[in-house]
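So that you can tell them apart, the chains are marked A, B and C in the order they are listed, and the count of residues begins at 1 in each.
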Amino acid sequence: MNKALVYKTWLETRTRFLTAVVVTLAVCGFFTLAHSWIEANWHRDLIEHPEYDNPPWFLRVMRDYPFYLYHFVYADFFQKIWVFLAVLLGVGGLSREAAHGSAGFTLSLPVSRTRLFGARALVAIAELLALVVLSLVSILIGSWIMRLPYPIDHGITHLATLFLGGLFFLAASLCLSEFVEGENNPIIIALGGIGLLYFVMQPYVDGAPLDWFAIPFAIPKLMAGPPDITSAADIAWIGMLASLAAAALLTATAVRRTRRGDY
Amino acid sequence: MIQSFAIETDALTKYYGDFEAVRGLTMRVPKGTITGFLGQNGAGKSSTIRMLLGMSRPTRGNGRVLDFDIADEKQSIEMRKRVAYVGEDKRLYDYMTVRQMIDFTKAFYPAWRSETEQKLLDEFRLPPDRSTKKLSKGMRTQLALLLAFARGAELLVLDEPTEGLDPVMAEKVLELVVGAAADGATIFFSSHQIAEVEQIADRILLIDRGQLLLETTLESISTNFRRIRGVYESAPKPATLAIDGVTRIAVDGRVVSVMASHNSVSIAERMRASASAVEVMPMTLKEIVLESLKRDQS
Amino acid sequence: MSPITVMLARKAWLESKGRFTWAAVVLGILGISTVFRAPATIAGWERIHRGEQMSYPLYVWLSLPHGFLQFLWIIAAVLLGLGGLLREDAVGSSGFTLSLPVSRRQHIVTRAVVGAAEAIVLGFIPLLIVAMLSPLIHRSYPMSQALMFATMFVVAGLVFFALGFFLSHLLRGEYSAPVVALAGIAAFYILTKLPRLGFLSVFDAMDGKKVLVGHTFLLGDEFPLTTIAVSVAITILLIGLSVAKTKARDF
């Protein structure tokens, strides 16, 4: 029965997941394979455009490959894409089935609503984990092709913080899908909220000291982690546990809504 | 008298990939009639209707609806000003209320009948401010029918119009259909409820596997269609009974059963020549449909 | 405007108003928070860039046209483009829509116009809020600049709306169109960062990067007209392709 539910959820999400795979491979592949192009372009800009106002991380990014990956993949570009993918893989659920007319069939199955929700959450988590593993593999392979030494524990640690911290966004998406009707409204609200979150947090991600009121919203910073961490001991576990607790709370809210909702 | 037709098709064919959904369909629906369009699930009814209304393009053949060419976009738009369609799905716009759906549809039909709109709104007890997504299946059907009948259309194309309705409402809808026909509209409706078709239709068209199997009037069914059963001492060759009017012959041991669309007297006489007993019985529409489909399957 | 066109426009509005409203709320919050986080952000920037001062127009430019407004507005524009006859077919109302005495072209063009209008309005919200609320933090941002930036931003960026719109006429799946559109835009963004491909950047046309007056980070008389013209042409082409694709389709 559980296998059947998981299979159903996989069929519902596989197109999104496969697109996410393509995007993940493309982004991680690009930042590794195009490193020499990008670096050459920067060097040219340094010589031809000394007037350009370069950000504080610029010089380090040029000479330190792990930091380059930290900045563009774990802390910035890929992180934002990964959060978008987490939202996308989390939408769906009984509200959506009700809109499409299949909720009656699903709810007539001899299975609890909690289990239905659990199957959906499980598949989404597994898909995100797969994306994270895929990104690590593509970074390692890309770095090896470009003969750029890259310590595997740096990648594992940062992708672990990306995954764990980002479960909050998956939970937000799962929860929103249970409350908000309409095909695309959950996505627009989730992405809008996340966009605003990044907007508020951007200065802190760029290095400004964290103001007290920004601490509860510091998930992007948590997902990035400090630049040079290479082991689990270096992870900010208090913040991470708080983020996981928030994710659990959102998930519990979603489950409650699923169990009590009229469809 | 030259009869004019609301719907005419000539060798209309539709392929979906390799699958031939409609095969050389040639049919006529005279204006002012109520025609039941019958067939099993997957027979090609919806595919035919979609072609007639311009939702899909015929692969081959042609068709005219109210003298407008179905394959010409401009003519199709003109045709749709005079046609009301209620699909099998009856899904409307989830983001509109009942009132908004009515106001929206009204804008497209200058001949809109506000008195029909109000009458049906009251009879069906549809709450004007309720969102269509919160309507039950039956109420959605009622709203879809209101939007169709209030248009003042010359042709109503109805796909399972009473599906989801309770018997009282279903009867009301059939009365509306008859009323619209009495006002001069042509009704072309498909239904699996053969009793309803018998109740209100003038004519029936039966299709199977995309082809026209039977085209007849209800009057002809009662006056001409007969089942003739003969008991023989030894079973005759079916070919000996294949005369004009015989549409199906079934042999079961010494009993031969013939479905006749006309000429039943001559057929019975032919059978009496060698049968020990011959019985002639009228046929219902249901029996004719089931027999015709069996014939096609054999 | 004929009553039929008005009704079609109303249908398109009712279909999309949920998305529009949420996007307007998000972008409104963006505008408001841009104003109120300005003092802290500018102070933080000046701490990092010792000896330099961050002008308010620079801060606004980095936060909005060159910053999160691009990110959020592009997502909103893509989502506003979704819907259409293919989605109606998936949910079962296309039969009703297609039986109306209106050409498929009119359905599509009306929806495109309404969606584009919504996207344009959204693009103005944060910048107008900044212009109106800046005095509250003892700063000023000229309304004329807000209007010029917003106009340039939305006209150049309409191509993203058109992309979402076109893909929704091509792809039947519920999430296929937004996923492919946003993935495509992300890929395009990366492409424009490659050497010698910067000229393709619609993003630079949206924020006016190449036409800002000196270090004022304000607009003058110059606009990236070529890129804007190409963007508009592609927008019209994509809408035209949507019409062509739908006219040829069987429902």
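Just so it is clear, contacts are C-beta pairs under 8 Å (C-beta built on N, C-alpha and C of every residue); 3 or more make two chains touch, one makes a residue touch a chain.
What you see is a predicted model; the values in this text were computed from it and never measured.
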Chain whose mean Cα position lies farthest from chain C: B
Please tell me whether A-C or B-C has the greater number of C-beta pairs in contact. A-C
Here the gap between chain A and chain B, centre to centre from mean Cα coordinates and rounded to Å, is 55
Distance from the CA centroid of chain A to that of chain C, rounded to the nearest Å? 24
Averaging only over C-alpha atoms, locate the centres of chain B and chain C and give their separation in whole Å. 49
For chain B, give me the residues that contact two or more of the other chains. 94
Contacts with two or more other chains occur in chain A at residues 99
Counting only residues that touch at least 2 other chains, which ones in chain C make the list? 18, 91-92
Could you list, by residue number, the parts of chain C that touch chain A in their complex? 18-19, 22-23, 25-27, 29-30, 33-34, 37, 40-41, 44-45, 47-49, 63, 67-68, 71-72, 75-76, 79, 82, 87, 91-92, 173-176, 178-180, 182-183, 186-187, 190, 193-195
Quick one: in the complex, what on chain A touches chain C? 15-16, 19-20, 22-23, 26-27, 30, 34, 37-38, 40-41, 44, 53, 56, 80-81, 84, 88, 91, 99-101, 182-185, 187-189, 191-193, 195-196, 198-200, 202-203, 206-208, 211
Chain B residues touching chain C - in the complex, by the definition given at the top: 16, 50, 53-57, 73, 77-81, 83-85, 87-96, 100, 103-105, 107-109, 144, 147
Quick check: in the complex, which residue numbers of chain C touch chain B? 3-4, 6-7, 10-11, 14-15, 17-18, 91-96, 98-103, 247, 250-251
